[in-house]
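Listed below are the structures to be examined.
Both of the next two complexes hold chain A, though its partner changes from chain B to chain C.
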Partner chain A sequence: MTNDRETTMNDDHVLVLDAVAKSYAGVLALAPTSFAIEKGEFLTLLGPSGSGKSTLLKLIAGFETPTSGAILLRSLDISGLSPAQRQLGMVFQSYSLFPHLTVAKNIEYGLKRRKWSAERRRARVAEMLAIVKLEHRANALPAELSGGQQQRVAVARALAYDPDVLLMDEPLGALDRTLRLEMESEIKRIHGQLGTTFIYVTHDQQEAMHLSTRIAIMNNSQVVALGRPDDLFRNPPNVFTAEFFSDATTVAAEVDDRTRFRFEAGGDGSWAAPAGTAPGRYTFGIRPRAARLGIVEGAPVLRGTITSSMLFGDEVRLFIDADVVSGLRVVIPSRANTFAPGDRVDVSIPWEDAILLPNAPVTSRAFHAGATR
Partner chain B sequence: MTDILRVRRREWTPDIRKRYALVAVLPAIALLAVFVIYPLVLLVIESSQDGFEVYGRVLSSGSGQKAIATTFTASLVATGIVVLVSSIIGWTIRTTRRRWVRALCWVCVLAPFWMGAVVKNYAIVLLISNKGVVNAGLRALGLDPVQMLYSTPAVVLGISYSLIPFGVLTINAVFQTIDLNLLRNAEVLGSTRSGSIFRVMVPLAGPGFIASGAIVFALSVGFYVTPVVLGGAKSPFLATLIQANILQYFDLPAAAALSVILLVVALLVMIVTIGLVGVGSVRRAMTRS
Partner chain C sequence: MAKLLDIVVRSLGRIALAAIVIVILAPVVVVLLISFSDQVRFAFPPGGFGWRQYQELFRDPVWMESIGLSLSLALPATFLAVAVALPVSLIAQRSKLPGRNLLQGTAVASIIIPTTALAVGLFTLYSRLGLTSTNLGLIVAQAVLALPIVLIGITTGLSKISRTPEFAAMTMGASLTRALLEITGRALLPAIVASAIMGFLHAFDEVVIVNFVGGPGQVTLPKAILDSVQNQTDPVITAAASLLMIGSALLMAVAAIVGRIASRRRRG
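Let's turn to the complex of A and B:
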């Protein structure tokens, strides 16, 4: 687990959100949110639709003005500035390439507005075309390009004038799966090559995991978790993150005074909880790949019936109705799948892969973002 | 068994079959033939009874030349005004997030649509006549009244007011096709609000402005009531002259020749426009209005 508090307290912040909030006619669209982004980070705002991630991006871009709080770019409050004055780069989901301008002219647009000399512009356009590997399409019109190529032009155009921060609003949403994976590596490569700070919005947790250095998980108009993808995935700080990001099935559980763990809905067993676990009520999270079929020594066990299975090539996803929870998902290698629907199985969850969340209102660990009041 | 054999193998399409389509449009074609094409042919025959000598006569006469000049300059100016004003209103309708603003714009735009030509023009008379509201205001301020009625500018005002609905409807059709994210993006890239409008919206809507202008101009040259009510004898329009030729001078060939000239000019404007911006822009502008 990283020590986020330490890393966000240094002076290398590009963007700082200070209790930024937005409401429309009294309806809360974003609860007060505070966090800081370091130079060169790839921060993803991840959440289901309506979670406030787009509102937050619009506030940063300048299409919306915060109801309260401040947005600091290089320690300058930009909350009241127009989008043009903020000097940010942005890639829209629809790419928004100017249809009447060629690829080169699209990329040049921001440079012209910044009154770069013709010579400098030409050199920079050539450089950006090389970075996105579209040198041969410089004089094409956007309509003549494929979706992936248009996406690259949009990225090149937004990065041409070297903005402090590049904002991307679900940029891969319109692409098919194969192309999306290809563009993910492209975006990752460009981020690594240029070192620009990226803020990326998506509802796809796979995409967020592939790309991000940090992820802010949003739900109900607030940031509910913020941290490195691997930390958040293995140690989600709350039930929403466990279910939405770690894809876990959650079960109510309790730990008694003698640190014996048992599921609340009954079941026949009790197990020794990890050393130092306080007594109380907990939510127990089971990631599909954390569960094992069969008995594992010392690990909590659920008994259930396989209801169906779904093949994912090398892996099979089994759906199990257990005695304490239904719809439990367990992923096992295809070659180990000797099971059929109707089979009774034991599902063990070794403590090192289990998620154990105390049923207290506030969480600890990787999460330190605002909006907890 | 025979039932199955008799089934015709034809792919299913939602559109009407050709023979039914022909039957369906037949009444429209018949109406067009009887009420438009036939009279037009008569018109051309009437105007060319003595060869095309009558064309030379109307084109060389002082009143003919004056009417042609007035009609085309006034229509051109009115077209410019209509396209400009309609663009501003149309863009407001396209971009505003407030529904009441949009509704208000539409009501204002469509109001002249629902009024008769005579009502519309007499409303303007009430405003700009020598004892009208505007001159009363000038007098109240201690200024000399201005003769506004019975002048070409008055006609231009009347035509512009009448044709703004057509301008807004045609231009709005074009604006609806413009992705507003393009303008947002232009601003993120460093453009000012007006810069993004001139560098992105205007180039994209350009063909639409031309198509809209052509439609407005073609409608404008045929105006009759407005020049009579607001222009009077000083600003004769072609339509006014045609009426005078029929009812005052009983010179039907001259009236026919002037009508054909009017028609040919309107037709030429449309053809040149289609050549300039393509049939797509014109069709879009016309079908949405």
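Let's turn to the complex of A and C:
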């Protein structure tokens, strides 16, 4: 039904979302979303719960049908196809292995559905077991494996038939912290080794940063930012991304006609804004590691009182109630921490590390990387 | 004071527990003991030990036929109950079909309706349909009785099974039907077996409805025992009752073991 829609395609695009939207009984679950994913990418859908990331993943997987728009997999509109017809792999948060089948039989399942010969299946299962380093557990039942091992089987099982895209729905959510970090490296290694396109859903920005080649940040049922993790982190395009992804504290600010910058809530000073900054109202974002204690020449300064501190090994996180904003977080090296709660401090934010977002009326940026209507 | 009260309450609890166990187990023990007596009349304490009751039971074709009839009614009734319970529990748990709760409620209604009332109703209905005195009529009636037990067992089992393995199978290329049968169905199998056993025992044990809608030739084992008590006092029935109890206990044990295997799997 959407075949007559004009779609310009780049050959490298494995998956294209063309204005895909979903609503349940009139309630919007996903606003029209368009972007394209290149072969071999590791794209993460990152957002708080209820932001629409799971809905988007379900639409791609085929467990939900879009209310409008199209999903193209290798130029083929798959919007109306069942999950089984989509040539995708999927890993769920709950390991979801088949409890009555051994590790090897679990991995073999998708190959059997695709009617691979017994010989090919045996070879491929051995290969996948080697990739996830579980050769020695081939004949174990899922209940005999640890959580991390089970999730590795789930990954091997979903990748065995060489799907076009591997979808992962918070795959590390059920694991404890140490195991999560270990599995992150495993997933990254497997992605590098196989070159399969991964689409990964998580609410954990650290996880997203560690793994992704690109991140789509979602909030209120729409993609609010899409880009490389380092770009998004240093130059968030909007307040939500600055707060949620860059972990920034935001302060209302303004720039006057003489490009003097000042905080709206007063404060005594004004500073020269970077050259070319247009006059207007802005949101100023302060990342915990962008702030310096003390005065830095030319940088905006906040004065505040340290309320508490938290040790993270080599680093200390100070919580500061500043004159223009409370709950400011500043991370400094532990060895430099000569401060105590109650101390008055100056917090400077050098312009090259600061986030300055114009308070334009909120328009959702279009992400037409390849797909245009 | 409070401590004394505590002790009194606790002792009373223990006495009550002991009383309940005795009240339930005493008749069982008495019946078992008499079944191994050599007397031709009821007597307790039983006189000498002997196999007389069991020899009589297996020699008398009436008893053997009643056991055969009971099995030939209760087994198909169980299959029928399972065949109805599976789709009903799937619909009740997974669909958004309007009236699905009513459907489930109707299916378990026979557990609430007094059996005698149900029997009268069935008799009236069967008279019109010409189903009185037929094996089919009894099979359907027993299935109605077994259905609540089977349905509750299967529904409970289904509610404990996560759907994500089924979803995973679908992403790996299995159709909805195939994923349902191969993955969820396989996981549900222990619950199906266990609840079928319970349903079978319930159907096998039924005696009120067979008295209403059964014909003169349709003497099931429970009915034969009842008839025997009403007409004479032959201690053979203690052997029949003992076998019934032992058989039931064994089947219950099987159901329990099957259930335990299933929950061990699920822990993974």
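Simple rule for what comes next: the second predicted complex is superposed on the first by the 351 of 373 C-alpha atoms of A that agree within 3 Å, B and C clash if a C-alpha of one lies under 4 Å from a C-alpha of the other, contacts with A are read in each partner's own complex, and residues count from 1 in each chain.
Just so we're on the same page, a residue touches a chain if its C-beta (ideal position, glycine included) is under 8 Å from a C-beta of that chain, and two chains touch if they have at least 3 such contacts.
Bear in mind the structure is a predicted one, so any value in this text is a computation, not a measurement.
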Fit-or-clash call for chain B and chain C when the two complexes are aligned on chain A: clash
Residue contacts with chain A in the superposition, chain B compared against chain C: C
First (chain B), second (chain C), both or neither touched by A:Q150: second
Touched partner set for A:V316, first chain B, second chain C, both or neither: neither
Touching partner for A:L88 - first (chain B), second (chain C), both, neither: both
Contacts of A:P142 with chain B and chain C, given as first, second, both or neither: second
Contact residues of chain A, present in both the chain B and the chain C interface: 61-63, 82-84, 86, 88-90, 92, 94, 96, 98-100, 109-110, 113-114, 157-158, 161
Residues of chain A defined as touching chain B within the complex: 61-63, 82-84, 86-90, 92, 94, 96, 98-100, 109-110, 113-114, 157-158, 161
Chain B to chain A touching residues, read off their complex: 179, 181-182, 184-192, 195, 199-200, 203-204
Parts of chain A lying in touch with chain C, wherever the complex brings them together: 61-63, 82-84, 86, 88-90, 92, 94, 96-100, 109-110, 113-114, 141-145, 150, 154, 157-158, 161, 167
Chain A-facing residues of chain C, complex: 162, 164-165, 167-176, 183, 186-187, 264-268
